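Per-chain numbering from 1; labels A, B and C assigned in written order.
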Amino acid sequence: MWSFYIEQLIVSLPFFFKGLGMTIAVSGLSLAAGTVLGFVWGIARAKHVRLLKPLLGAWVDIVRGTPFLVQVFIIFFLLPEVGIQLEAFPAAVIALSNLSACFICEIVVAGISAVPSGQREAATSSGLNWFQQLRYVILPQSMRVILPPLVGQYVLLIKDSSVVSAIGVVDVTRVGWLTVQRIPQGLLVFGLVAVLYFVICYPLIQLSNSLEKRMSVSYTRGKE
Amino acid sequence: MIEFKDVHKWFGELHVLKGINLKIDPAEVLVVCGPSGSGKSTLIRCINRLERIQKGEILVDTMKVHDSKANMTKLRAEIGFVFQQFNLYPHMTALGNVTLAPMKVRKLSKKEAEDRGREVLEKVGLGDRIGHYPAQLSGGQQQRVAIARGLCMRPKIMLFDEPTSALDPEMINEVLEVMRNLAHEGMTMVVVTHEMGFAREVAHRVGFMDFGELMEIAPPGEFFTHPKSDRTKLFLSKILTH
Amino acid sequence: MLETFNFRVILEYMPFFLSCFLATLWLSGAGLLGAFGTGLLACGMRIGRFKLLSRIAYVYIESIRSTPLLVQLFFFYFGLPSLGLRMSEASTGILALTLNSGAYMAEIIRAGIQSIPNGQIEAAVSSGLNYFQRMRCVILPQAIGVTLPPMLGQAIVLVKDSALLSLISLPELTRAGQIMTSERFMPAEGFLTSAVFYLVIYYFLKLMTHWSQRRLIYLQT
């Protein structure tokens, strides 16, 4: 009985890999867009741009305080009402990019704040303007504090991407859901799905941990 | 070169600079001393606008520092600042630290900046350490790189905010040596420090600050032997007993 | 869009939303309790002396952390019946939430216990306190202070995670939005109302986090 199901599952493997490809596509695009946006927002928030800070702060808070599933539904069902026709894939990427940007924004703000204020003073004193300071002095140093949690956040977002299966995106979770209708062996089917996610996520988690260890060795000895 | 005209500053309710009037000539070396909290660091930080003032005027080379239209980039390029905590950029080598501003602010080419950088590091005695990172240098060496970083811009004025206070005793001299040479070459310098030996030897004038006021200012001979106010006498007695 | 926003419909559905709000609260609450218990158990196994138990706990924690909650939920929902276990949707949902958050709780508790400096234990031992006294009077009070904020953070995550239970047809806040969409074709009114309810819970939990951090300030050394 079990061997029959396993056979069926093996026959369906191409679908699972296609689904995995879709998961990687959605995640990859969203993480790229979210990282760029997250850095821009994070830098803007660190710079005390007067009107932007509270607005952005409120938006980030709302996105972090509501379930991602609800956000996906809102984007998928609401944007058509204001005239933007969306299919499932673009809606998914928009929702996940927004989620990524909000969480990455917070990581970037924390990273920039971690750079000692003396660095900014030294850079200001030599006449460097705000942009030059950020580019040559602040950002390079903040990357040590940003990188480990950033990779950790990527793992969380790849897992969150499974939620977009709810609006019909055929990612690996959705393939599992469709398959289990034909092959009623939930343990096998979703066990396989779980393994596929594990293969992507576990190495990234290990990478984040090792980055954290490497970057916690401080730059200077003694005086800070 | 530098002029303070009735300068007042408040940190919230706290009146930290009370009516400072001061004139510093080109090539003059002024040492400012005083107890902690007297406002001496604040005084020097107002010169390159690391701190703002609420009343009065500060002029550097006839430019109004605290004017909203002031070209701070141009101004700061002419003023070198050395911090108590060095504040070297840890992710760059000594050469990198020293050449960043010349390239980005003075717009020198990489080669020009590096040639100048090597020269200036040689001058402070670190010609053989140009490729080292701050973490690989001792405190005294780091502070000398910090001085070189200021000098590489070829400034008109060098400001020092307690440059040796964070150093272990055996490294203080190497930094004071560099500063002594600078003074002899005719650099306009304002130095906040407790190193009275340096003040006696190198300064043209010594100023004493207490509770935000510039209580006394006189050439070192007069300052140390015939201090005018009681507070100055008290401070000197405490600081000169060791 | 705002002109056509139908507040009357929301009022009409408000009793329904409120009952779904309560459902979310009790599902999350049950999940949280279960997670705390599971977390304590898993943590105990992980830092305990028996290598086998430690390994089992490690595998459990790493599997949960490397796979999405939705997959875990579907795993139980579609998988358990084939083992002969017929559970209600609610029980399956709570089980998934418990096991998922339990793994994160275990790590939070472990970090908390390991953050207590050895000196504390040495001081307690030196004054003659036995294991239970040490635990009760010295270790655990400090551990609670360190772990409370991250646990509240995990509570926030859990409430948001509970939204996934709508995908196994459990009546709760997100499902309310879905029903308003399918019955009345009003996704805006439905999901935005759900969002507002979630934000109420979120800000409440955030308030509790700030309050607890102020009360436990004596633990910041």
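Throughout what follows, a contact is a pair of C-beta atoms (placed from the backbone, for glycine too) under 8 Å apart; a residue touches a chain by one contact, two chains touch by 3 or more.
Here the structure is a predicted model, which is why all the values come from computation and not from measurement.
Viewed as a network of touching protein chains, the structure reduces to a simple linear path.
Relative to the centroid of every protein C-alpha atom shown, the closest chain centre, again from C-alpha atoms, is found for A.
If each chain is reduced to the centroid of its CA atoms, chain A and chain B end up 46 Å from each other. Chain centres here are Cα averages; for chain A and chain C they lie 21 Å apart. Chain centres here are Cα averages; for chain B and chain C they lie 56 Å apart.
Counting partner chains per residue, chain C has no residue touching two or more of them. Annotation for chain B: no residues touch 2 or more other chains. Residues of chain A in contact with two or more other chains: none. Across the complex, chain C meets chain A through its residues 1, 62-63, 65-72, 74-83, 156, 159-164, 166-167, 174, 177-178, 181, 187-188, 191-192, 194-195, 198-199, 202-203, 206. Per the touch definition, chain B reaches chain A in the complex via residues 48, 50, 72-77, 79-81, 83, 85-91, 100-101, 104-105, 134-135, 139, 142, 146, 149-150, 153, 166.
By the touch rule above, chain A contacts chain B in their complex via residues 116, 118-119, 121-129, 132, 136-137, 140-141, 219-224. Of all the residues in chain A, the ones that touch chain C in their complex are 62, 64-70, 73-74, 77-78, 81-82, 155, 159-163, 165-166, 173, 176-177, 180, 184-187, 189-191, 193-194, 197-198, 201-202, 205.
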